[in-house]
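The structures considered in this document are given below.
One chain, chain A, links the two complexes that follow: it is found with chain B in the first and with chain C in the second.
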Partner chain A sequence: MFLNRQLVLPVHRTVPWRGIGAAGAAGLLLAALTRTGETAERLSLYLLRAAILAFAVGLAFLLDDPARHTTSTVPTRRPVRVALRTVLVVPAAAAWWTVALLLVPPEVRPPVADITLEAGAAFVLAVAGAAAAVRFSEVTRPGRPVTGALLTTAVLAMLFWPGRWALFVPVEDERWAAAHERWGLVLGGAVLLGVVCAIEPLRRRVRL
Partner chain B sequence: MTTTVSASGLSLRYGGTRALDDVSLRLTAGVTGLLGPNGAGKTTLLRVLATALPADRGAFTVLGHDPGTARGRQEVRRRLGYLPQTPGFHPDFTAFEFVDYVAILKEMTDRAARHREVRRVLDEVGLAEVRGKRIRKLSGGMRQRVALGSALVGDPGFLVLDEPTVGLDPEQRMRFRELIAEAGEGRTVLLSTHQTEDVAMLCHRVVVMAAGRVRFEGTPAELTARAEGRVWSSTERDPGAKAGWRTGTGTFRNVGAPPPGAELLEPTLEDGYLLTLDDAGAEVAA
Partner chain C sequence: MTTLVEKPVTSAIRNAPGGSFKAVLALALFESRRLLTRIPVLLAFAVYLGWTLWRAGKAWGDYPALQDADRATQSAPMLVGLAVLLSVNQAALRSRRHGTERHFAVLVLPQWRRTAAHGLSVVAAALLTAVCVAGQFGREALRPAAIGHGSVSELLVGPLTVLLFGTAGLLLAGLVRSAIAAPLLVVFGLFLFAFFWGTSDDATRWLLPAVVEASSNTLPSDLMGRPAAWHALYLAGLALLLGLVAILVAGGRKPVVMAGAAGALAMTLVGGVAQSAGESPGLVKARERATLHPEQVQTCLRRDGSTYCAFPEWGPRGADWAGVVDRVRSLAGGSAHEQDLVVRQRIDARYGLSGDAALAPLERPHEVTVGTQWGGNRVPEFAAAAAGVLIAGDEKAANSICDGRIVPLMWLAVGWESDPLDALRRVRLDDSVTGSAYVLQPTHGLYMTEAQTEVLRALLDLPRDEAGARVKDHWGELTAPKVTAARAAELLDLPAPEGEDKCS
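Here is the complex of A and B:
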């Protein structure tokens, strides 16, 4: 059987909900800051992006699995287990994102479709990073190193990303539409990375 | 005797280190011990044979299936039990829930039959009394038995055990020996260990590895026989000995090339193992 439905409950119990929940709470707090005083549209965008990053950090812990080595040779394939964990977290992520958006006053809320694309790309990138850490290392808890990498990448990208390929632009910037085409590419790349890394290889690259 | 596992030319590198270097071996039903110093490649070999790690080169079959193909690997995994060197658990699961989780991952879909099997396995490893207890509250020895139970669930034909007695007290080790001996009845068990006593007491075959290569493959008696005439007693430590230590009686037990007229002693499996490693070291140095 491709996926045993009896797996759903135990896998649900193995998802690190506490870490994801804490990151989600921190993210909602950041989103709620847009309601304090008279927040400019640009500041609310930055706060929402910080909220997205906070929740993405939580999702980086999605594939933490202390029983990884004990269950490494079972016939239920790794892509199935990764997919199941991901599917289980999707409703929670969707609910979180809806609440985060609703916390931002409508008059300063960035375009919903575009900012949702940014959020989706960040969330998928976090999970794909965790899948890559599992694929290329023996770690059982990839969350912490991936969080470090994610935060460092985000800060470096905001500071040094070349202007002509800008991703983090304000709403009124004329590059907004082009930036969101690039966010689409980031999302596509992250999905591809996640899928490739979830697959268990039959052979290593021959280096003899 | 039917061959369960047949491997030829398995090689694997980590960076510049050859973890496995052209390893070939055959395993049959019963317990085969895998001995070797740290870094010999034992865990790597076990992980390759357990399909946890693909090799760079070489081929092997387990119970007639080739893990080099997706379908073959799937079939091998359906017949495999694996206890890794450092088994991990979800600490909030009870012993029953964890083994049941592994059983579901092993594609046991019939809930009633699966629960019967989980109860049987927990009985077998002596955890029936604590099956409802959370793993975080179990002792190290009990957790190790949960891991063995996870490996045994589904009655696998090939069982791979990586140093299962590490960190256990003598009583727990004795209990584990019983479990492994029982597990070896009718199935193939590959047991990696540093304990030569475990091999002497449990195994019908033994493989010695050093520097990623198989240095010996045979019966424990054959490994012991390698030290025949190469173990002797003396009142002082013999400087020509490869190894020598004072025994409880005050005399020295020496292993190596005895001087003429030395009082020879009955060798043990450990003596044969030490001399095999020494020969391997000399071969590598040459």
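Here is the complex of A and C:
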């Protein structure tokens, strides 16, 4: 436990705050667009989703660690280090999300609990994707490929996700409640993926 | 004794003329291959091609109007453009990411030439998009029943969009050397276009790459009023400007690059200003003339006594209309069987492509309106209008029919089709074949009551010759005003209808 406390500062220094900050700023800009007029208010849900995607892009860089191969031998195991990074970023993400929500005019703000669920699912999915990239490859900076995958998934899901299991529904749609049960499943799946992928394999895959 | 050096030592580097150009070309080939095999680009092309093939033929069926088909190629390449933006940005940052920037510094290619090679790889992606666009449009243009004229400027928008997005990604790599910038730009790209499409007015909407029109009207190509050529110039200038600025940022401060950038800026400005000039007075006048006095610009074709007047581009459609009119007339009895019609093509072009306006019914006797689209539902709609004019005498009277005459009218409209029930479903607003419903027509629609639908269904269930003979035998009584559905059923020897028989 003592060791972990000692780790907080060094890990904090390796978190890519600048990238996350840039993504957060872009997200807040998108959220702030909802205050620019009547049409923008109508689009508030979509702008908020765009903001979520922007911040998720930033979070995909969370596990970037150029020193990955040198720290694999330290006594603190990878799940702890990943958890520490996540814990460090959670307050920042929460603060960002609160500001983003407050930027949307209250009368057009989507149901807060449900949209927070969507945001949570997207954020966890981004980090879990990075954890999976770390788990299954030797890359030191998984952020770049993971953002590509995240954006591709987002576009493909918006275009081709079957209507029976709709996820991206407007607020007034009757499938809103059912869609958010599915978002809950997405969140659960992402958490599970992240936890499974955070575990360090006993052997490195040797490429022959 | 002195040693004679036979040859002075020369530098091992040969400065062959055009050597660096060849090197840029070789690098461009390599980068093009790499760019086109990135997973996002491959996926985007797969989705683009799949979507295009799946949609092909759904929009206009066998009767495309090429001035609409060219615009339909514009939106989908944006997806490819976003993938190219992301991939070319990552490619331009590759040497920095892998820490090989210093190794490249000793090679013949300075950074700005490598940037130029990346720019050429974007051109390759744009060319591939151009091939896809040409294939999509060519497929429509080669349909035997295609009419109208496509515009090269409209077709260029798709490839230019890819070029623009790609050079934007390249410039971004020069300005912000971080892997996170391009994904964020893509997020903005994805959503801000939807945003601006919603909010922008007439002049500013042309600043976006692909400009979608609100109306699905088909207009003669000279009345469209889209500044397509200026827009293509604007897009080309902007793409070129971004690419050349990316080279300038990378250190290629050659006079020719600067001059090129200045030229591209001029192109962008000229195109940007000219495209937002609005509609010229001549266009407004031409649109008004085509709307209010179409006979002044139309050419007419006479066939079997009937006249078919169409805008010049629709000349070949006359034969299709004549085929429908002949079949409708062949089912009619009495004098209607021989009645000659005037088929008049009409549009409301006064609002351009920004809005749909319903056409008012014609009041001249035996004159029928036909729209600018054909195939699919437009066929039974036109047949219903022709049948209405045969029965009521003119279009305005036909549109106010609200009695049992609907039964012979709809029999004429769909009775000759190979699948009359399907035609009936398509011509009714709610796609139903039971109960009451509105019937669509090129002008105002008709209303079918539940009882009339029942009688018509019973009539359609009879063998075709039998039903045709029964209608012709009682033609005069069936087409008399104020006949009820029950009376029509009685005349046709069909079971009396049970449903409501009241127009709303």
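Note that in this section the second predicted complex is superposed on the first by the 195 of 208 C-alpha atoms of A that agree within 3 Å, B and C clash if a C-alpha of one lies under 4 Å from a C-alpha of the other, contacts with A are read in each partner's own complex, and residues count from 1 in each chain.
Throughout what follows, a contact is a pair of C-beta atoms (placed from the backbone, for glycine too) under 8 Å apart; a residue touches a chain by one contact, two chains touch by 3 or more.
If you're wondering where the values come from, they're calculated on a predicted model, not measured in any experiment.
A.B. asks: In the superposed arrangement, which partner chain does A:T76 touch: chain B (first), chain C (second), both, or neither?
C.D. replies: first
A.B. asks: After lining up the shared chain so the two structures overlap, which partner does A:L33 touch, if you call chain B first and chain C second: first, second, both or neither?
C.D. replies: Touch status of A:L33: second partner only.
A.B. asks: Who does A:R13 touch here: chain B (first), chain C (second), both, or neither?
C.D. replies: First partner only, chain B.
A.B. asks: With both complexes superposed on chain A, which partner does A:G194 reach: first (chain B), second (chain C), both or neither?
C.D. replies: Touch partners of A:G194: none, neither chain B nor chain C.
A.B. asks: By the touch definition at the top of the document, which applies to A:R68: first (chain B), second (chain C), both, or neither?
C.D. replies: In the superposition, A:R68 contacts chain B only.
A.B. asks: Which partner does A:Y46 reach: the first (chain B), the second (chain C), both, or neither?
C.D. replies: Only chain C; A:Y46 stays clear of chain B.
A.B. asks: Just to be sure I follow: which residues of chain A are touched by chain B in one complex and then by chain C in the other one?
C.D. replies: On chain A, the chain B and chain C contacts do not overlap at all.
A.B. asks: Help me check something: in the complex, which residues belonging to chain B touch chain A?
C.D. replies: Of all residues in chain B, those touching chain A are 11-13, 50-52, 54-57, 67-70, 73-74, 77-78, 80, 82-84, 86-93, 97-98, 100-102, 104-107, 109, 111, 147, 150.
A.B. asks: Where on chain A is chain B touching in the complex?
C.D. replies: Those residues of chain A that touch chain B are 1, 4, 6-7, 10, 13-14, 65-77, 81, 140, 201-208.
A.B. asks: List the residues on chain C that touch chain A in their complex, please.
C.D. replies: Touch residues, chain C against chain A: 39-40, 43, 47, 79, 82-83, 86, 90, 97, 178-181, 183-184, 186-188, 190-191, 194-195, 198-199.
A.B. asks: Touching chain C in the complex: which residues of chain A?
C.D. replies: Within the complex, chain A contacts chain C at residues 18-19, 22-23, 26, 30, 33, 37, 39-40, 42-43, 46-47, 49-50, 53-54, 57-58, 61, 141, 143-144, 147-148, 150-152, 154-156, 159.
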